[in-house]
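Next come two complexes built around subunit A: one with subunit B, the other with subunit C.
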Partner chain A sequence: MSFRIRMILPLIATFVAAVGYPLFYSFYLSLTSYKITQRWDSHFVGLNQYRDVFANSDYWSAMKVTGLFVVIGVFLELSLGLAIALSLQRQKRFRDFTRSFLLSPMFITPIAVGLMFRFLLNQQLGAIPTILDKVGFSYDFFGSGNALFTMIMIDTWQWTPFMVLLILAGLESLSKQPFEAARVDGAKPFYTFRRITIPMLAPILTVAILIRSLDALKVFEYVYATTRGGPGIETQTIQYFTYQTGIQYYRLGNASAMAYLLLIIVMIIVVVLFKQIEKTRRL
Partner chain B sequence: MRKRESSWGILSKLIITFSFIIVAAPLLWVLLASFKTGSDLNDPTLVTFTPTSENWKKVFSSGIFQSAGRSAFVGVITVAISIVLGSMGAYSISRYKTGKSLTRFGILAAQVLPPAVLVFPFLDLAYRLRLSDTLVAVIAAHLSFVLPVVTWFLIGFFDAAPKEVEEQALVDGLDRFAAFRKVVLPQVAPGMGAAAIFGFVLSWNDLFYALILAPGNAATLPVRIAGFNTFRGVELGAMCAAILVSVVPVLIASFFIQRRLVRGISGGAVKF
Partner chain C sequence: MAKVTFEKVVKKYGNVLAVDDLNLELEDGKFTVLVGPSGCGKTTTLRMIAGLEDVTSGIISIDKLDVTSLEPKDRDISMVFQNYALYAHLTVAENIIFPLLARGGKRVEAQGRLQEVAKMLNISHLLERKPKELSGGQQQRVAIGRAIARAPKVFLFDEPLSNLDAKLRVEMRTELLRLQRQLKTTTVYVTHDQEEAMTLSDVMIVMKDGKILQKGSPIDIYEYPNDTFVASFVGSPRMNLISGLCDRGLFTSESGIKSIVKNIGPKKTVLGIRPEEILLVPAVEADFMATIEIVELLGPRAIVTLQVASEHLTAIVNTSDMGSIQEGLEVGVKFRKDRTHLFDEKTQVRL
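This part shows the complex of A and B:
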């Protein structure tokens, strides 16, 4: 066996065991009526589970909720992240302290962040609604119509730092020459930002958006900590819905079909995006 | 020109100050609440009160340190396996283009997998092997997402590392594995550090897998904290203390790793 194969074999073996095996097994599960409470009574049902999932309006509602969450959340995080990273780059004093403090939310266990905001935003016992109330402004953060946006704000609080980290790293790796040239030519700051900073950052922004979107799709902790999907099913995200079906109702077969359908949809989106990126790169 | 410069400067200071408040205020409020008694908690805006240590005592005696220990154990084992296997594999992929774009794509695609796809097979297998509610199941599940991320990072670092030194080492008579271990690895050490930190954080923070695979006796820190989810006034203070137990080490750690992380990432990890 050649050196390169010997080097990669342990990785591939572990990869197959930890990713490949469950991937195929869950596809098999999705074709059965498997329930963890009645393991002896599992039989092959083919694509019936998928038909059920397709016909399940709660599933599509969860898809929509997740989609809104991802798109709005990532957009907010990207905009704020750019503003904060550019500000941090200019900063001279207390640099290390500010940076590490502003980056810290992304390292906190998401469940702790969820519980923290559940407490702070609670209608009766939370500080924020109470203060808002005192200035004559009443807002129910977990009420109907507001809860999903609250969820997005929690995500933004925790994950804008991730955008800041990637953009900051990107800014520091940019070559200084174009900026010098722009300065010598007397370019206005906004023009420099739009014509030099953004295009040069584009590759890292793409990566940041991609990583963050894929991660936001998996949102579970905030829902688990705060609303448990409510009011109604307004904040029921796809990950939470699958968890409920599989764990609370023990319907592993059904839940696997849900997860697989999600996987297919995500894969299609990723492949299309990749093609798009490749295309713009060639231009 | 000068004037415009300074107005940008003021704006950026405002942005930093504002973000600072947004990050600090919730944490400070939870800190305050963790020293309040049940009845003081009924008034959320109360700032002056007689502090109590009851909440902290309750949390400290709840086994939260054992849970933190378990989380650390899972994180260290997962990251250690990922770094060893990942660096060897990533080196092979980066230098010898092993498996061409297929391996690279496979590793990237693994990061796209929704955890809901993988978790039920792990659960079922854990049941069959009588490993449910043990850390073995959690470590196996964490490998499924830490290993691809760490490997992906490392491929980027190996791509960016210069080849000359290692070729010189081969000429000098080191065999290829020795050259890898003694010459190549030290070159990517900062990147490995960043990748290890990232992997550890991912594992440390995971609730989804741990909650499903080990909800009881082998509860990790996130699972334990989720258990404090309550709205009875008496236990609200304890919930706040539990939140802080997970926040404080992170604040300290982020101070030490921040600069390394920024440098590690700009060193070439995040590229296609």
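This part shows the complex of A and C:
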């Protein structure tokens, strides 16, 4: 065995044990009727689990909830993040202070954020509904029709700072000269923003959207800490649904199939987005 | 076309004085070159005209309009930057018509102007390319194209040729000159290269430490430098400067260099002599003797370094006149009559 291969062997071994084995084992599970409660009765069922998932309307409604969560959430985070980054870039005094202050939500673990909002927004004893009530405005944050939006707001609250961080770094790495040229060329601020800032920032924005989308797709903690998927299945996201099927209802075979189906869909989206990044980079 | 005027303009960065009480009038339709060593305030001066740099105090006006507090876009200027500052994501065509569209022009109308400009600069075949796909010289043409697409009152150039290789620089220099003659727009050009300044300018302004040392036609500045700094900054190879004593028309240095000069003194002075005004002559006609240290052949001419005791002099000699000149030989030297410059040793100012 050559030296190079021997040096890389520990990494490969760790990788196989920590990633490869669970990956293949869960794939194997997805092809069986495995249930934790009936482990002795597990047998190979081929693609039956996948067929069941495809036919499961709850799976697709969880997919829709997740889709809405990701699209609206990331859109809000991107727009707010861009606006905040642009204003922070112009800030002259107390830069370090405002920056670290604005970034602080990012440093809290998501489950804590979920719990925090659960208490803050609770209809009976939450601070915010109480205050709203005092000014004559009644709003049930976790009520039917509102819960998903509340979930999106929590995600936006926590992750907009990440967008700010990424976009601000991008903005400050842009060469200043084209902006000076645009000033001399007579471009008004909005024209400069539309024709210079956004196109120059495009590669960074794409990466930011990609990272945040993949991250938002994994949303679980907020749901677990606040609504547990309710009211009804309004906030039942794909991760939460899979977790419920696999861990709470013990149907690991079925849950594995769900996870793999999600993996395939996500891979397709990632490939498409990466192609997009490649394209903007070549320009 | 317009006149640019500076009245008592001061620019400070914190405590550092970048431009110090500048009073200046840049003439209408002329090609003015600001030249000086780095950090002399020339680029700051240019950027103040553009409005990219605030003025600490004083007034700048373009065409009698006080523009001191106006935004760059309201000053009716256009600028070519040192690193071109092209819009990398836009095609050459889009880059050139950007100033027209940014000011609310119609795309259809801009097309006509685009074709004219492209033809003028010989870049018609590049219009659909992105800046990245162009060579440095081509990028610079595009930057110039963008500047002339509109007909502004003033063109500003910030060391536009300094990123090009030597051959291309000379070509673009000629082209710029031709363009400016054709457009007759007031032009302000910044460079640290005295040769570029000499060849391009109608009016040349030498700056140092935020102050103007001399303003005039290139030939005037070359022939009558105000002080030793200008004298040695302008011209290549640089002017020889020799310290010595001037006594009633005779200059003598410690190393033994002698020359008949203006009837001044007795006074400690610096004598300046351009390399091409040093004559190598037979010993009988010579004012003093020197040893030939190095001969650098340039083709039709040669740079000859002479040694006189501890002093070195640079002379330029026509190759055809060189005869038996070779390194190590002792020759007679004489300065051409009335071509010497005298400066006060203390103030370094022309006498």
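Here, the second predicted complex is superposed on the first by the 259 of 283 C-alpha atoms of A that agree within 3 Å, B and C clash if a C-alpha of one lies under 4 Å from a C-alpha of the other, contacts with A are read in each partner's own complex, and residues count from 1 in each chain.
Heads up, the rule we're going with is that a contact is a pair of C-beta atoms (placed from the backbone, for glycine too) under 8 Å apart; a residue touches a chain by one contact, two chains touch by 3 or more.
Predicted model, so just to flag it, every value in this text is computed and none were measured.
Is this a clash or a fit when subunit B and subunit C both end up on subunit A?
After superposition on subunit A, subunit B vs subunit C: fit, no clash.
Of the partners subunit B and subunit C, which touch A:I12 in the superposed model: first, second, both, neither?
first
Counting only touches as set out at the top, which of subunit B and subunit C does A:V74 meet: first, second, both, neither?
A:V74: touches no partner chain.
With the two complexes superposed on chain A, say which partner A:A187 touches: subunit B (first), subunit C (second), both, or neither.
The second partner, subunit C, only.
State whether A:P199 touches subunit B only (first), subunit C only (second), both chains, or neither.
A:P199: touches subunit C, not subunit B.
Could you say whether A:A257 touches subunit B, subunit C, both of them, or neither, answering first, second, both or neither?
neither
Check whether A:L23 is in contact with subunit B, with subunit C, with both or with neither, and answer first, second, both or neither.
first
Once the structures are superposed on A, label A:L115 by its partner contacts, choosing first (subunit B), second (subunit C), both or neither.
first
For A:M153, select first, second, both or neither according to whether it touches subunit B, subunit C, the two together, or no partner.
After superposing on A, A:M153 lies clear of both subunit B and subunit C.
Check the contacts made with subunit A and report whether subunit B or subunit C touches more of its residues.
When the residues of subunit A touched by each partner are counted, B comes out ahead.
Looking at the overlay, what does A:M163 touch: subunit B (first), subunit C (second), both, or neither?
After superposition on chain A, A:M163 lies in contact with neither partner.
I want to verify one number: the closest Cα approach of subunit B to subunit C after the superposition, in Å.
5 Å.
Across the two complexes, what residues of subunit A are contacted by subunit B and by subunit C?
Of subunit A, residues 186, 188 contact subunit B in one complex and subunit C in the other.
Could you pull out which subunit A residues touch subunit C in their complex?
For subunit A paired with subunit C, touching residues are 175, 177-178, 180-188, 191, 195-196, 199-200, 202, 283.
Touching subunit B in the complex: which residues of subunit A?
Listed in rising order, the residues are 3-5, 7-8, 10-12, 14-15, 17-19, 21-23, 25-26, 29, 34, 36, 80, 83-84, 86-88, 90-91, 96-105, 107-112, 115-120, 122, 125-127, 130-131, 134, 157, 165-166, 168-170, 172-173, 186, 188-189, 203-204, 207-208, 214, 217-218, 220-221, 224-225, 238-239, 242-243, 246-247, 252, 255-256, 258-260, 262-263, 266-267, 270, 277.
Quick one: in the complex, what on subunit C touches subunit A?
Counting only subunit C, the residues touching subunit A are 50-52, 71-73, 77-79, 81, 83, 85-90, 98-99, 102-103, 130, 146, 150, 156.
Would you tell me which residues of subunit B are touching subunit A in their complex?
Per the touch definition, subunit B meets subunit A at residues 1, 4-5, 8-9, 11-13, 15-16, 19-20, 22-24, 26-27, 29-30, 33, 41-42, 44-45, 81, 85-86, 88-93, 95-96, 98-99, 103, 106-107, 109-125, 127, 140-141, 143-144, 147-148, 151, 176-177, 180, 201, 204-205, 207-208, 211-212, 221-222, 225-226, 228-229, 231, 233, 236, 239-240, 242-243, 246-247, 250-251, 253-256, 258-259, 261-263, 265-267, 270-272.
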